[in-house]
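I'd like to ask some things about the structure below.
Chains: A, B, C, D and E, in written order; residue numbering restarts at 1 for each.
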Amino acid sequence: MSDTLIPEPTMSTSATMRRNFWLGVWRVMKRKPSRMFGVIIIAGFAFMGVFGPMFFPAQLPDNPNAITQPPSWAHWFGTDPQGRDVLALVITGSRYVLLSAAVTALITVVFGTSLGLFSGFKRGRWDTVLMRVTDMKLTIPGLPLLLVLATVWKFGSPIQMGLVLGLLGWGGVARAVRAQTLSLRERGFIEAARGLGLSTRHIISKELLPSMAPYIAMNMLIAVTGAVYAQVGLFFLGVLPYESDNWGVMLNLAVFQAGAMITTNALGYLLAPLLAILLLTLGIVLVVDAMDEIFNPRLREE
Amino acid sequence: MITGTGITKTFKQRGNVLGHREVPALRGVDFEIAKGGSASFIGESGCGKTTLGRIIAGLETYDAGDIEIDGTPMSPLKHKHRQPHFRKIQMIHQDPYSALNPTRTIYQTLQAPLALRAGQTGRSKGWIDERAAEVLSLVGLDPGTVLSRYPHQLSGGMRQRVVIARALTVDPEMLVADEAVSMIDVSLRLGILALLKDLRERLGVSVLFITHDVATARYIGGDGELYVIYRGQVVERGPVDTIIADPVHPYTQSLLSAIPVLHGLELPGEEPVVPLESLAEGQSESGCLFAARCPFRGDGCTEERPLLRVTEGVPQEHACYYPQRRSVIARPMSEV
Amino acid sequence: SGSTNKSSSGGGGGLFTTIDVNRPGLDASAPANPYNPKGNSFSGFNSMRIAWVKNHLTDPNQALPGIAASWEIAPDNSSITLKLQPNAKWSDGKPVTAEDVKMSIGIAYTQGSTAFSVTPGAAGAAAEVTVVDPQTLKITQDMANPSPKFARGVLDTAVLPAHVWSSVLPADFWDKLKAARGEGAEAEKAREEITALGQKVLTFAPPKDVSAGPFVLERVNPGEALLVKNKSFFNAANVAPAQVKFLNYTGNEQIWNYLTAGKLDASGFVAAPTDVMNRIKAAPGSEVIKGYSPVAVSMAFNQSKKPYDNVHVRRGLAYLIDRDQVTKVASPEGGTPAITTTGIHQKAAQAWIPDTLPKLDPYKPDVAKAEAEFKDAGLTKKDGKWMLADGKAWKVSMHAPAGFSDWLSAQENIKSQLIKAGIDAEVVTTTDYPLYLEELSAGKYDVGFWLMALGPAPYDIFQRLYGASNGWTNVAGKIEHSPAGKGGNWMGDPEQIEVDGAKINPGELTGKLNSATEDQAKPIMAQLATAANQDLPVIQLWDYVNNQFVNNSRFTGWPHDDEILRLGTGVLASGVWIQLGMVKSKQ
Amino acid sequence: MMIITRRLAGHLARGFVMILVVATISFFIINNIPGDPMAARYEKLVEGGMAPEAAAQAVKVLYGFQPTGSLWQQYTDFMGGLLHFDLGVSVSRPGTPVLDVLTEAAKWTVLPVLVGTLLSFLVGVVLGVYAAIKRTGKLGDALAISGSLLHGIPQYVLALLLVVIFATLIPILPADGPVDILFDPGFNAGYIGSLIEHAVLPVVTYALSAYGGWVLAMKSSVVTVLGDDFILAAELRGMKRSIVFRYIARNAILPLFTILALSLGLLLGGAVFIEKIFNYPGLGLMLIDSVNDRDYALMGGAFLLITASIIVANIVADLFYTVIDPRVRSGEDAS
Amino acid sequence: MADQAPGVRIDGLTVVYKTSAGELPAVRGINLTLEPGTITGIVGESGSGKSTLALSLLNAVQPPGRISAGSVEIDGLGDVVGLAGEQLRKARGAHIGYVFQAAQNSLNPLKTVGKQLLDLGRSHGVEDLRGLVREAKELLGRMGLDGARVLDSHQHELSGGMRQRVGIMLALVLNAHLVVLDEPTTALDMITQANILKIVREVHAERGLTTLVITHDIGVVAEVADRLAVMYGGRLVEQGPTRQVLGSPRHPYTRGLIRAIPRLVGDIDEARALPGRPPTLVTVPKEGCVFRERCELRMDVCDTVDPTVVADGARVVACHAVSVKEHAS
């Protein structure tokens, strides 16, 4: 029966599939213009984080004669109390924020996913123990813990910052992934794969993970926002060491030093990082909206 | 040859610290399926058919008893060593929608187990592609159009065929078909059944057919054995046609009586048996499990549980103190 | 000495709204106890002191009358005799007597204060407290280690009602105190016991506020505290407000908000950026009264770190940093750029060392001079960047605690100035002040900011520069020096430094100031100022200005007299002005 | 009833263990906090003109009672105290037991959190239903997107914006504490009015920041329920719209109640930003203060209290569910 | 309220669903008459439009679907397609009882059956609620259940068969005389199914109803229905008295369907699968015979012309081949 034509899709294998995937993503994105907008925003932030600082000198030019100026043509968001351009600060500051957010997201997702997968897949005693730990972790309130931790550790670099936030943030993902794993486990196809003798690695990486991709991706984006908020918030509260162009520090200085609440001169200094956060939120919200469709081949193609 | 002796399974329904509920799903089931042969399990919803099927396919553990595959008992083996044996037994799920990974194309679905085989036997990638096309052709699908599809792009019948094709990739000795057609369009069901029958005949794959529809059991495994299961216990066991024609256990009789009569074509059986209603209540654990619902219950039925055995004048094994033939099934008008 | 101003017309009533800028976070559960760090006791309002000491430029013993109407200081500072206000009364109507004051002094001993300390050998400690008559007390100084500011220490003591607080001190307290002044194990034990009493004092919660001040605490909630006029106050007739409301705050921005909204009738100084300052000044009735604050901030070096051990490097930096610019960015209203590094606030310097001041190097910004100094120090300039003598990169790493925004601004500005001059620089913050201090004194930082020139007493002025932080400790009048990096010596100046060709020991000189009279002090001050100027253990950046915000919409009569404005730290000046009858309700 | 008691027993046991663990963690973290509060206090006194020796003595008085003894000793003392609800004595407020400080602060947290959460819950749930019903329309889209946005915006951003608008640009609302002192505390119009006026901004911030979550949760819950057969069945039986609506609402709101209880617990600790920005003297602000004051005892106590409130909220949520969902009540798993 | 079994005349009924490919008909040009007092069964495979048709009887097609043409005349109600608002709501339940496809989930999980019954009574302005409860208990008792206990139970406390009976009770308790049962036994096991079918038959007779039973299982229709209609791709391809249709099916689809059922007795090999597969909304031919792709009697005309519905006494068939044969014979 066999030497029938070697069917066409076998040659197409991964390359075409990948192409089809991206075509599908394109279709999903096109369906709602808002999603495109979201992607553009996120791409913009990513670009800003990677290349933004390159457009500016390491030490931003300051001007002691023009400190805390209101927005003008020269300085779209005005200047800070050192007379530096606020927009430039936001842009150069994005790297810290986004880098640590990326680290957080990575840790959250990798740690949370592996733990959730392991727990849901192994079940039994391991599951019980891990989930108790996760429960406990989830019970401990993050922000207060961070406040207390901030007195013990110095979050010197964005990587360290991201690390700590990541280690505090995996609980939710682990929970969600475990729940997903448990429910997928009951699906026929996982059982079939086990029956066929496929390796656990195959089952996890090829069968489970792709099905959970939207959840994971969504959680990753949520982790990114969460991390941005948490760290900016901590800097804002002033419990973390100061970094001159950090968004949170800008907020802190705008409020507690430049008097943004009192004079409109400093309003730009306050609003610029706020707007950056809002915009990032918006971008992420819009993209999360498309996540399910991107990873679901059915929704992708319709 | 696959045999099981005294398979017992009790589910512990998760409670909390202070205890849990026990659900006895199987109570010492014996079975035997010859190479290339067939067997059918029938019974009401919740009687334990699926559980038994999953145990046979190695997807579920059991509390007592043992399964022997080609003479090798499974219990003493470690999980890792059992696996190659159980791989010879492949399960066809009831629901072809969930049995295929929606994120993987049919090619990917078939390729994974084939790649495993290829790796073990040192075959080339070309062989994988060839074999993928081959198994699809075996189940009557056109590889050219199907391979690159995602499951959602196929109809229910095609999906079920893909599921069967996937099972065939590992050259199984037995297929466990759990209600394999109940979610498929009526007009297509017979196609799948025919395919299974065909595979049995051509490839010598034995088929274990799990269903609540006796007629389909007859279609696939007319020459095999029928196991009637009630609340985890086999209450009647024998050749399919014998049991259909001459059921002796009141539960089997109720099941057969319940089959709708095609009024234009058939005449109803003369002595239909309707069980006394009280399925949910009074699930007493003592005596005959069916006693509470049995219209013919007699002395002793509620005291000691009847075990599967052969009695005089009854060709098939049964677990009833008062076995009696009754004409319950509808007969075609043409025969009358 | 002075007397109560009785000329003004009476009360007038009204609500006086103010804020204690030194104490964020009013705590509703804290007692009206002046020693409790969160206590709801507002100095000048419901908390009275013997007198209100001033930050005179040179004389630490000047004060405005408080519960003491007048006092006499022995010419050799060996004693002070207090005359209480003749009709001073507690808010519950009982008279304030010399016994009350004596008990207050006893309580002060348990807490430790400048004049009432049980630490053996403490300078300027009192030896004896004698009640002469119900209105008169005499307090003598232990002349073993006298201090010219003994009287200040006595005057600056809170008075508490004996009939409320007496249970806090045991009956044999004065005997114990006497024992504590001795030597040996017995004395040690007595001192322990007195210190232990301190705990009791600290946590003592009077059932209700009994005040000898113009006001008495009515109630506190987490947002505000309300005080009402003390009808029994000796000068009640001239106390204008009927009620005083203390607002709470958690951050400066809130005070700015109050001020721009014209909510506050008076407030101590709070740093504010220029724009905010302008808004505040623009508020109706708003006025800023400039006062004197004997504090300066400096950029301090850790000389165990290279290249700061080299005086040329420090001088080079002094020539580079434009202090005017730094001050303009960091503290435009609250500070004036230091004219040069002297270790003394410039106003006080003019009084203390008028002849020496012009001779000191002003370190005017001068790149050429700076570069010459760096070259002298062996530094090299490569690709426009200054390298250390050993060829390694040089980065000026400045530290500050995170909450100190004016310091941070200053450091940011300095950083940018240095970078422009080819010196790499960075600003590193520490989460908070306690940690900053701990790490600073552990020698973890290269460069940090440091407060100094804490007048008016000459010893206090210089001990910030040539005291413990620089290795010299003063134990019972004996000066000892620990080497750099040990015993809290993080500045690391050598024990002897050369000034105008002569070797001096600045620590010892500073120690001498502790007992020197004004005339004796002057030449020493000149010597030390010159030493600081030439050796530059720190670079003095700006001298603080103690501005007071007042509002003329509801009350008038704010003093503008510089002398009156120089009230000591920790006192709510407006409370003193009110009790003296200066402040009037606007009709 | 049996089930409820059983569940409660399990929860309490687990909650107790949790508290012990958290207490241990906080004890050790807090014991490792660097920074010497004595040094800072000393500096302050010296800056204020006190002689160094005297300042040293004053500091000793203030911090003289700092815990001494081995770490293990301190730990057992701490845990022993816990069993009697004794959280030690505040360092920055000498003489005041931590528990007193906490209860005082908790008072100011609980009220606005409660009001804000309930308010947002009501509004969010109603609009969530609307968003679900109109989910294909523009309005539904707008509600959902605005919900996501508000849900996504950090609390402090909202709070800052509100302060800028209502306390700075158009100064119509106070942002400085919980009440005006001039009013006699008690049940009188002035005092209560002042309380309310001061609570407006914090409450609105809570409400706004929580609202998005409710809208989204309610929307998805309603969409799920709308897809349930029994709703169509009820319509096909000719049930009144109001009754059908009640069916939808009650079934959809059920899972939200759990979240509600949980979020109340979480909010107790999560109020840090709002309290800081509005100077509302609740637990969050106190936590920040205690961190800044290096008041170990207070910090540990606050942290513990916040965690405990979450644990309690968890238990309450679960029991609540047990009571209102007949499926759980009868022992079946409702998942 | 009609106290007698009403007749129903469905005329030219077309229902379309809005999809990404535009509005597509799920039910097209259906003419069907339910004689008063009869049980009519409709069989068809998944997606053939059975539920859509059933919902149309109550004018309850859910968005994105809508009735685009045709009428449903019910005695005593008029054209249901024209009803709206309160009128329509009152007709549902009181005139037409509907037993839901997945009756397992047709009850509010949070309320007891009794409370839902009272809600139903209030919705229809029943004044004598006690009477309603009595009636319900009677009905349940009639179906072999302990009425009081069932009314006191929540959905999850009832088994599938019990829920289905509760569904039937709720459809009948307001004294509706037209009852639509959509897949009343799907997902029930054999014995329960037989039981429910028996109840349907008995209740139908006792209360004098007009009943429409919808199923994909010919066996079910064969058990209960007087008349049988076969649907395929949204069209009615054949109808007639059950015994006649089963005994001598005319339409090739009906024939194929019957042949595809494995039987308990007789030669197994007679059973044969239908080739091809049922169409979906998108793949169903827009013109011509909907069944032609799978038809063994396919002719050229089938591709372009809709077969006309030919009535022959009580039997109706829509097939070119059949009419040709008839003409020939």
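Worth pointing out:
By our rule, a residue touches a chain if its C-beta (ideal position, glycine included) is under 8 Å from a C-beta of that chain, and two chains touch if they have at least 3 such contacts.
Heads up on the chains, UniProt names are A, D = ABC transporter permease; B, E = ABC transporter ATP-binding protein.
Small disclaimer: the values here were computed from a predicted structure and weren't measured.
When you average the Cα atoms of each chain and compare centres, the chain farthest from chain A turns out to be E. By number of C-beta pairs in contact, C-D leads over the other of C-D and A-B. A separation of 93 Å divides the Cα centre of chain C from that of chain E. Note: centroid distance chain A to chain C, computed from Cα atoms, is 48 Å. Centres computed as Cα averages put chain B at a distance of 55 Å from chain D.
Multi-chain contact residues of chain B (touching two or more other chains): none found. Chain A has residues 150-151, 239, 255, 261-262 in contact with two or more other chains. Residues of chain D found to touch two or more other chains are 34-35, 167-168, 276, 292, 294. The residues of chain A lying in touch with chain B in their complex are 1-10, 12-13, 17, 187-189, 191-199, 202, 206-207, 210-211, 213, 295-298, 301. The touching residues of chain D, counted against chain A in their complex, run 18, 21-22, 25-26, 29-30, 32-35, 145, 148-149, 152-154, 156-157, 160-161, 163-164, 167-168, 266, 269-270, 272-273, 276, 284, 287-288, 291-292, 294, 299, 302-303, 306-307, 310-311, 314. Residue ranges of chain A in contact with chain C, taken from their complex: 59, 62, 64, 67-68, 81-83, 150-151, 154, 238-242, 244, 253, 255-259, 261-263, 265-266. Residues 251-253, 256-257, 260, 272-276, 278-279, 325, 328-329, 400, 402-403, 405, 408-409, 412-413, 415-416, 419, 427-432 of chain C are the ones touching chain A in the complex.
Within the complex formed with chain E, the residues of chain B that make contact are 44-45, 155-158, 185-191, 193-194, 212-216, 218-219, 222, 244-245, 254-265, 274-275, 277, 279-280, 329-335.
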